[in-house]
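In the two complexes below, chain A is the common chain; its partner is chain B in one and chain C in the other.
Let's turn to the complex of A and B:
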């Protein structure tokens, strides 16, 4: 179910700074949701990645849990733990495996296709993270308050796509049609998230 | 015993370091090694514990008059070694010093695990050696520790005390219909005496684990059994009849926060087989079902139910000597907030004896209630408080001069350390 509201201002503008706020069905802010904007239904050209992104392994967990990168980015996988990790993904966007010794910090992977990339560790079953390789330049993830802001979004109709690894919808995403029309509009999107899978203690 | 005392002194010294996290900076152990220890204040009332040769269903019992008795104890120290052999193969070797086990230090588990990279949507893994079958939902980690509690349920106490196998196990896991289905199968030996404690003592709730080379105590046996038929102790890790057993398990983990599993076990023991130390082959079979559900954020429900039977001895026309049907179940509620956890559990258990050499007085019925609170002080130290009450009826207690119905209360405070 999707509810959205517009806070309109007096005068129209050619571009605006917009904020998207994602909440769960119970009203709590949804963090680590990736929001992508497609003005007039088309992706904004992706700027060449200026930095190396990273997903660290620390305390037998990935950090961050969700990472948004543009198509063509390199992602480093530094292992800060004292144990090995065997990182892998079978996603259509990128299939790879990385054997990382303890404290090995110089391996990177190139992501050249858009889409979600779920990560796992073959040694530690409870490790889980997601990379979302974005096909539009206006793509970022929400913070702890469920909000994310974009600068200079062209005014006019825009498709807003919200993706979360636990979103209950096909492809774990929902799309909303919206119109950017005022100086600082805020779009509120409600999503249905399923609870995270329980950690299965093993012996 | 002096080696044990030195070991225990070292664990006590590490207790202070563990509590402050200083040990982590010092890194006293080589990679792959960890030490797990448990220092306790334990108090109990009631009859003499089964660990002391009585019929009591808890690890500790009251004093001679059955009154409440409180004592500090170094309950357990374990050395865990998990070497890696390449990227897909690991070993797990655990040795322990437990208060109440026969030898000062003994082997608990020793096995090799193989876990190659999954192909497509299917994951195949396996292990071989000495290990517990995957029945318990309450235990975790290489040291097979009860999560956030001290005492496991009656079902998992029995698994811990006499259902450990030496064999080969394989699992296949496949993503299916939004969840994951795992099928596990094993062929094993060295578990022919499984069922001995259930028949002669009945169910119990305790955390004394079976060791590879040690024995477990039996309560006073009847005249037939103690007259040169059954030894006064039982050895859990024995192969007596050269016949392998098997178990099979199916587990379903759905996208919804519920997981279900069922395991069927048959040790295919030959009831007439016996060794020179008067340890018998027991034909033991059981079905265990388990469920895990996340009810709300931080709150989870665990439940298991088990039904089975065990047979031992000869059939001389009036039925086989020992034929015990057993069943038990529990429901456990957990709530975790930050570093604290609260647990409450209800156990129900019973056995029905239909043997020709063990009379109806060896049947039993009972229930237990357990409440526990725990606090994680650091990644290396956890404090646990637990209260346990067991109420059971077993006519055979008359043999020890006790009333058939006994109620027992046990209180424990533990400092659990892991380095």
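Let's turn to the complex of A and C:
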């Protein structure tokens, strides 16, 4: 999903399509990791939000598990379950609470500050999802193969930031400095992931 | 070691029992110890599983609480929004509710919330890696105190940190655990390294030395929070406390043992007493017997000791009986049953001391039968003994209370305590004389026996028994001299006479060697022819200071002292020497006393004298008196026969006096009979004398014996005896005794005498 505009690029001729591959310490592809690129250490301006993002509550689960949205995006929280949910987040990026809304009720929340927003349901502890409000236009999450690709990334030095809800690092993120030179460069980043929290509390 | 058997027995039994008791006590202690230890071990294992469960329940409880808190929306909101104050107050609230010591939050960024103490906070911050690794429970040291930790992640909704509850594993906590245990276990949490014994650390109960003594211990490893050695829960059960349960049993055993010991000591004491009491009694009795007491022990039982006691009694009785008999023999005269000399001496000593002590006098009477020898010889010893027994009986009756003793032979003595001075002594003597008033009838003989008595009175006549007895004897001697059948008191004069006799004796010993003795001769004249037929040798002692000592004075002394033997020998020798120079038809006559015969000195002296002088044996005539037959034995008689066979003539001197008996004439073939001068004296006055002399001469003629009349002083007497049949005469009419020179002169003037006849 390309959401970045190239308008800001000073020399489009010097751009490349880059791929970042995130793998765990054991070498397994790490999915649902959010990779953000900061060419020359600076964020790429994000396009104005043109659409409404959505995290659905279905089968007493959030879907998707990780959602990347640009700053200023609106995210809807449609409830497709027969039960009520109480979606909340205490994140510094966005603190909100959608108290006990029922099926087919749709609530939209505006995210105007960058940062991870963990989501939970106060009724169902097992429900967990994350919204990463990205402050750079080059920001996307890995697929099942652990890869994510970006087109037209300006050549030169770039800071690659990898975030994952379970990444074992402060703020759940690591940053890698990289020089984009070739036409289709691939950056492999290894991260240590925590095991996901248990589905049901042990206590 | 122990001088008494009963102590030894009691100690032995008590010692054995005590040893056995100690063995029982030791076995009991070890068996008890092993049992208790086994019991404690199994209880420890059981308790440790209980503790495990308690531990887990506690952890679960805390974990639940932590989880609930971690899920609490408000709490999560407070944490997520950084509302520390709200979060801390929530922690405090929960701490109070759950009785927690420490509760805090560790953020995913490592920040610690809820702890004021910086040291504690630093310890808490170090938990982060473990928390991050997902550790939720275990033991960790916070602020130097081992604590049970339980952590719960705070999902807000993503993991923002961990709620950590820490429960102190302090004494209070441990006591709580202990109170849940079935047995009084002491529990403590220690770093695992502090338990040295690997077996105990591995969870096997074992012995552990503690400051409070030996204990059975079991360690349960406690999971460490975040790895490391961790800690152990050490469960201890002090042996002392385990054994305490058996203390009553031990005390009971000890008391029973003590009681048993006392019973054994008492019992063995009693038993040994029952054994040793009779032995002690025997011991005591033996010692009393040793001291001369008469003893008998009680025979209480029929066992060996009883038999021993019986034997002992028999032995003691035997000893007493023998002792009595020995005493009797020692102090009694077996013939008369009277006390003997030994007893008398002891009795006299005692009586003298008592009399001296009381200031009283004591009378000692020495009694001697007159002529007892004659009775013994003529009637035989059995008769003599019977007489002595009868005399003893009469004396005892006569004196009553006083002591009568027989000193030997016919000597008796009486010790009497007179009531009123010497008068009493005299009465006693008279009573004793009275005992002889009636004749004694012995074996059909009627014997008139008299006694002489000498009396000495203590302390006047002697304070000691020797002096008193000697003086009584002196008095007796005097009584005898005074003519028998009477009594004499001791007088100091008697003592002086005795002294004089001793001096005489000393002088007499000297006299023989000093030539003070001399023989005088008195002729015996044939009445028909007027010729001197023989001379009778008569001994004279010319004492250098006292002059001529009469023979009557010194001959008894010589006889008593035995000096008569050398003197007698000298006389025979001297007489023979003189006779050798006389005409061969003139004999010499020598007086020989019974003492000389008793000492068997006559034969030897005669043989030596005849050999030395060469005198014909028939010229020697030995004159003996009748008394020789009273006092001498068969040996004397055979000696006389021997002499006569040798050819020596034997004449019977002084015939007709004293106990003259015709049986003497029959018992020995005398050559000559010398008729006593008393008959010659009475020839002119008494009618009977002539008849007796005539009878004697007739008898002598019939027996082939010569006769000599002694003591012829007048011609009428000479004519009378010649007419009555006497062959020879001796007396002043013919010549007084003269010395040897004059004797020769007499022989030479024999014609003159013849003429005178």
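Operating definition for what follows: the second predicted complex is superposed on the first by the 185 of 203 C-alpha atoms of A that agree within 3 Å, B and C clash if a C-alpha of one lies under 4 Å from a C-alpha of the other, contacts with A are read in each partner's own complex, and residues count from 1 in each chain.
Methods note: contacts are C-beta pairs under 8 Å (C-beta built on N, C-alpha and C of every residue); 3 or more make two chains touch, one makes a residue touch a chain.
Since this is a predicted model, take the numbers as computed values, not measurements.
After superposition onto chain A, the modelled positions of chain B and chain C overlap sterically. With both structures placed on the common chain, the touch criterion links A:128 to chain C but leaves chain B unconnected. Of the two partner chains, chain C is the only one that A:170 touches; chain B does not reach it.
Of the two partner chains, neither chain B nor chain C is touched by A:144.
Of the two partner chains placed by the overlay, chain B and chain C both lie in contact with A:195. By the touch criterion stated above, A:84 is placed in contact with chain B alone, chain C being left untouched. In the superposition on chain A, A:95 makes contact with chain C only, not with chain B.
In the overlay built on the shared chain, the residue A:47 is in contact with neither chain B nor chain C.
When the shared chain is aligned, no partner comes close enough to touch A:14: not chain B, not chain C.
If you count the residues of chain A touched by chain B and by chain C, you find the higher number for C.
After superposing the two complexes on chain A, the stretch of chain C that clashes with chain B is 58-66, out of 22-30, 40-48, 58-66 or 166-174.
Shared contact residues of chain A with chain B and chain C: 88, 90, 122, 194-195, 197, 201-203.
By the touch criterion given at the top, residues 31, 84, 87-88, 115, 117-118, 120-121, 132, 134, 139-142, 144, 147, 253, 255-257, 259, 292, 294, 297, 300 of chain B touch chain A in their complex.
In the complex of the two chains, the chain C residues touching chain A come out as 60, 63-64, 66-68, 71, 73, 76-77, 79-81, 109, 132, 134, 136, 152-153, 155-160.
Per the touch definition, chain A reaches chain C in the complex via residues 88-91, 95, 116, 118-122, 125, 127-128, 130, 165, 168, 170, 172, 194-195, 197, 201-203. Chain A contributes residues 82-84, 86, 88, 90, 97, 99, 102, 122-123, 194-195, 197-198, 200-203 to its touches with chain B in the complex.
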